[in-house]
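The structure is given below, and queries will be raised subsequently.
All chains are identified by letter, namely A, B, C and D, in their written order; residue positions are counted from 1 within each chain.
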Amino acid sequence: MGILEVQNVNKHFGGLHALNNVNLDVKEGAIHAIIGPNGAGKSTFLNCLIGKLAPDTGSVMFQGEPVLGKKPYQINQMGISRVFQTPEIFSDLTVFENVMIPCFAHRDGSFMLNAWKAIKGETDIREQADRILLDVNMQDKLHMNAASLSRGDKRRLELAMCLSQDPKLMLLDEPTAGMARADTNATIDLLRDISEKRGITMVIIEHDMHVVFSLADTISVLAQGAIIAEGLPDEIKGHPKVREAYLGEAEV
Amino acid sequence: MSVFTPNRRGLLKSGALIGTGLAMPTIFTASSVAAYTNAPTGSGAILGFNVPQSGPYADEGADELRAYKLAVEHLNGGGDGGMMNTFSSKALTGNGILGNEVKYVTGDTQTKSDAARASAKSMIEKDGAVMITGGSSSGVAIAVQGLCQEAGVIFMAGLTHSNDTTGKDKKANGFRHFFNGYMSAAALAPVLKEMYGTDRVAYHLTADYTWGWTQQESIAAATEDMGWQTINNVLTPLATQDFSSYIAPVLNSGADILVLNHYGGNMINSLTAAVQFGLRDRQVNGKNFEIIVPLYSRLMAKGAGANVKGIFGSTNWHWSLTDAGSQAFVKSFGEAYGFPPSQAAHTVYCQTLLYADACERAGTFDPCGVVEALEGFDFDGLGNGPTHYRAGDHQCFKDVLVVKGKENPTSEFDLLEVVQVTPRAQVEYPVDHPMFAGGALGKCNSGA
Amino acid sequence: MISKLKNNDKLLMIVFAILVLAGPIILAPFGAGYPDLLQRFAIFGILAVGYNILFGLTGYLSFGHAAFLGVGSYSTVWMFKLLTMNIIPGIILAVIMSGLFALLIGFITLRRSGIYFSILTLAFAQMSYSLAYSVLTPITNGETGLQLSLADARVLDPVNTSGSIPSTNLFGLEMNDTWRTTILGMDFQFNVGFYVSAFILIGMFYLSIRIFRSPFGLMLRAIKSNQNRLIYTGINTRPYTLAAFVISGMYAGLAGGLLASMDPLAGAERMQWTESGSIILMVILGGTGTLLGPVLGAGVIKYFEAIFSRINENVLHAWFDILPGFMENAMVWIVLPFVGKGWQLTLGLVFMLVVIFLPGGLMEGATRIGNWVMKLKNRGSADSTKTSAKTSAKSSDE
Amino acid sequence: MDAIFLQVLNGLDKGSAYALIALGLTLIFGTLGVVNFAHGALFMLGAFCAVITRKILTLSQITLDPVRTNFLGKPLEIRTPYVELWWGDFGTWMIDYSVLLAILFAIPVMALIGIIMERGLIKHFYNRPHADQILVTFGLAIVLQEIIKAFFGANPIPQPAPASMSGGLDIGVLFGFAEYAVIYPYWRIVYFIFAAVVISGVFAFLRYTTFGMVVRAGMADRETVSMLGINIDRRFTIMFGLAAAVTGVAGVMYTPIVPPNYHMGMDFLVLCFVVVVVGGMGSLPGAVLAGFMLGILESFSAMNEVKAILPGIDQIIIYLVAMIVLLVRPRGLMGRKGVMEE
């Protein structure tokens, strides 16, 4: 029994069969990468997991509980958080506030009418936020406006926001897209560190094979909406179907 | 209790320093132990002219303001004296009111009850106005009248035609010189009978608010009395611009008369649409189709242009009247502003004079004294023939004019012609008439 | 000074309270020191502060807040007619009714966001206005507005035999009681109604500071910033926006109730879209999302409406008395189109100038002046750079 | 039956006015994303182009009547328009047709006003929050209407339709109704045809010209288009001018139906925003469809039979429909995703 079990998920967009009987079993604590050529249905699949899209058929179980039919915020409250391809942060707020919000969400649930409390008095939340920003090495940017951060910092901030919720599963959509090699390596280290220290399960969608093969414990290959191969990195590397799917793509 | 006149320049300077350059405390109440609200102290009596300066009735308000200025000038002894010379009461001598120079403040009602009350309140509280007057709609008049009653100042209504102003919403401190819906109907009915006969089928379009309802009720009652049939009464939203969907059903309704219980922009638009739909060229039941606009004003006639030609209605006063009072007023107004006054200008001018005269006769500005002096007051020479201010509801009773859109106007002001002056006796009604029931004057309030 | 106020809520509260309570003295030189306008400043201040909780924090632009103002007024006047002239039951009912009304409207309209939400709220408010003006006349008294009359029941009050309508009061303290005094030629009026409104304004301002500084307020700001992220952070945004909508609706209802308490009349025009529009303009003019801005914006707009509209030729001639005759006339001729019946022209110009030159509203203007003064002050002192760096770092903590 | 037919005609007529105004607004608001509260003022300015044209054409020579006197007893002034003095019957014809001539006057004037507005003001507000756009355009609307009020007063100014178009056409006969059962005013028929022509013209312009294609692409994705090296800003300016001209001529042609006053823009403002949003942000066909739909529904709601069942329905019909449409279809009838939703 894995932490996340996906069975027979199908999704149509008009005539396009975007997801075709997708099955996935993610083991607790593992880093599971999903790769595949452009248009293979990776993002659609991820969107189905977080409640942004509703699949036509199939089931998604997280820790034995059904995910489908739940609202995105409920799915998040179950312990699944998501890192987006382009960083989604609260750009009008300060870095510190950005991190406080998931802390509150984690502590108080999806809604709490605490209009009379002062943020200043929430020492536990403030300490937690401080700690997490220290973890991602952003403690010096506490009071900066999130909008003025560099692209890399925005990503790190988003990661920090997800971490502060203490999630059981993180879904990462191309966490290194558009990064320079040095930054990419730093991110790889950071993710591995998180995975090892906190034991958070991760599902990563990635193009960059360097990232995939440095991080992943298990890899699933998605092509034309279907899983065509699954296995350890070494198994995938030589898999003929994968070669076929990626034919013409330089990375492999 | 000394009256201190501030150094206006000094104030101006300090105001400018703070950044706005606005300083306007020009009027001061000296005494807080006076017997009544805002008692003048010899430095002048303040009148509050509360008229629409923005919104659809701004032109009407501007005309009222012109008349007010003229009245103030005349009261203070300036100009040619206007109707003061023809007024039957001779208490006014041109030295202000009770020896106090008449001063005035102005405000914008925006034709909204709220704004009108705010403006009137500031006149009372800040400027020390002892009387409030003006307005161009019944909603505003009733709202401000209520305020004046509570504040203890006199309210001399401007243009307000709803039965309610001196009906269910009448107030002891409020007075109306203008006529009302009932009187319009009573004046119009005989003329309509004569012109269009007794066998007619009328279709009413009525503005969907209190004034419209009271007028429709009055007209329907008066015309049904003489044998007409009211086939339908359709309420139209105030905000309607294009009346086509209300006019179209009239075409095949079997009606041969259309009554437009509309005022201002509503009337202009509904009449324009009615004429456009060819109603006036129609033959129904073997008769010419006719349109009636019970309440006319010159500005409305101007707005509707050629469409008003030959259409009957009623009005409180018209500048073409030839009595001495009207002529004196038209002359002084015309010489001051270059065009003849409207009925709104006339009624507010009369109201100002009547108020001043009542103060003189009462020997005080005390509202209770003024009320006493005005109640049951009979006068003449203000353009409407012998007139009576009834004690029971503070409504003026006077002749009412039935007018018709002129076929060949000689100027942009010459749009209506007087068909008949309906004598006062015909438009009178008892105080407890059912259309006016439901309110009480209460007691006069002098505020102290 | 300004930046100090920004960071120190206690100081801000104290300064605000003093300014409000001293209103009759401060505003008298500007010709605005009379009860009715002072009351309006306070009441529309409450309205704007409340609206800012919705618009300033969540960014939801409601075009229907005038409806709550109207509901509040009608409720209060009905209490005056049926129960008692004491304002307390009326105001309580106003807040409850507008809250319920806001809950209903919010529940439906908050299904949409952006411009769609605005139009939905506008539709609700316009329907309320149209119906109040016509079909609902038995409840609202339509065009004339709901007024008190001698025949009203007022079951809790002693039988009234005075022949005039009793005035609204707070346990016997009459709202229209005014203590007047003349100092240095200036007329000062201290009015009970104003002080009742002022204390409520101060209370409501304090409440709004609490909301701004609370986790709840943070969530609302997060909604404005990135609603999507918030949803994927496990927050159910709908109850937050609904709560903000209801709170600001209740503020509006409170303001409506107070308006009716100061002047017992409730007119349908209070619910028209232009009224909603002017609430929005108050907030934007003052500075959206700032604490003081909305109060300032409300004051400026009400000041224009009350004072500029009442300046006529005579007043102008008095102003320019100082100049020689022909120049006096010329000045009057130049200024006249912008005052009196042209007051809206000036208001329109002010809107444009403020938004063009002070994108953050009047509060930004105040901040700029504050910074400029600071610069002048610091020019001499050696550690000026340090101080300003400190303040700027601090102010970003906001 | 004839009553229903008449209301359909009324609805089409109202709808063409709504559609025309909404078309202009949707070009600015639905696509450029500017919340333009001055749009009603553009309609009003258009209507006053008709007033001004008539004023110019009726500039008169003043002669004194030897016999008749005016109200003050002075000789009566007789005004004879110069165009009649110069050109005789042709002059009279020009005055009669002033509304149509005003279109020639209004197109360049309104386009210029639109362009000046965009270049001088709106341009700086594309990237500002909607709140700022509302404040600045609302301020502009007030200023514009106050200026008009200062010159023309607050009272409506009648603009008669040309004499030959002031009667009615027995349109019912064409559709098999009895004679005189359905008579519809010529001018309203003209307005409908005019609206149809203008709407098709704008659609054709955007559909078949390169300019239109670029603009449509720009609406869909502004950044990409400007990355292609196309000066999209200049085209948007022209769009603004086009929108102003369309709205302006809608105003000109409307004057014989409703005599214009300075306030008419505000009266139409809310309505045209509702039409655009119901139609769906960013959709031109949506705006037109919504305009006609609301016009027809408004007409039906005014029918006595309907009002008998639901009193006051005509007061709220537009808003009620708007509400239902927006609750059932989140982005209006034909709205695009993601336009003005945050």
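By our rule, a contact is a pair of C-beta atoms (placed from the backbone, for glycine too) under 8 Å apart; a residue touches a chain by one contact, two chains touch by 3 or more.
Nothing here was measured: the structure is a model prediction, and the numbers come from that model.
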Touch-connected components when chain D is not counted: one piece
Relative to chain A, chain with the most remote C-alpha centre: B
Core chain by centroid distance, with centroids computed from Cα atoms only: C
Chain pair, most C-beta pairs within the contact cut-off: B-C
Chain centre separation in whole Å, for chain C relative to chain A (CA means): 45
Cα-centroid distance, chain B relative to chain C, in whole angstrom: 34
Mean-CA-position distance for chain B and chain A (Å): 73
Inter-chain centre distance, chain C versus chain D - centres from mean C-alpha coordinates, in Å: 35
Chain C: positions in contact with at least two other chains: 130, 133-135, 344
Residues of chain A whose C-beta touches two or more other chains: none
Per-residue overlap in chain D, given as positions that touch at least 2 other chains: 311-312, 315
Touching pairs - complete list by chain label: A-C, B-C, B-D, C-D
Chain B residues touching chain C - in the complex, by the definition given at the top: 4-9, 11-12, 14-15, 18, 20, 22-26, 28-30, 32, 53-54, 58, 61-62, 104-108, 112-115, 117-119, 121-122, 125-126, 137-139, 142-143, 146-147, 149-151, 164, 169, 208-211, 235, 237-239, 439-440, 442-443, 445
Chain D partner contacts - residues on chain C that touch it in the complex: 55, 59, 61, 108, 111-116, 119-120, 122-124, 126-127, 130-131, 133-135, 227, 273-274, 277, 280-281, 284-285, 288, 337, 342, 344-345, 347-352, 354-356, 359
In the complex, chain A residues that touch chain C: 50, 71-74, 76-77, 81-82, 84, 88-94, 97, 100-102, 104-106, 108-120, 122, 125, 143-145, 161, 165
Residue ranges of chain D in contact with chain C within the complex: 35, 121, 124, 128-132, 134-136, 138-143, 146-147, 150, 266, 270, 273-274, 277-278, 281, 311-312, 315-316, 319-320, 322-323, 326-327, 330-332, 340-342
In the complex with chain B, residue positions of chain C that touch it: 28-31, 33-37, 40, 130, 133-135, 137, 141-145, 147-151, 162-165, 167, 176, 178, 180, 182, 184-187, 189, 263, 265, 267, 269-270, 305-307, 309-312, 314-315, 318-319, 321-322, 340-341, 343-344
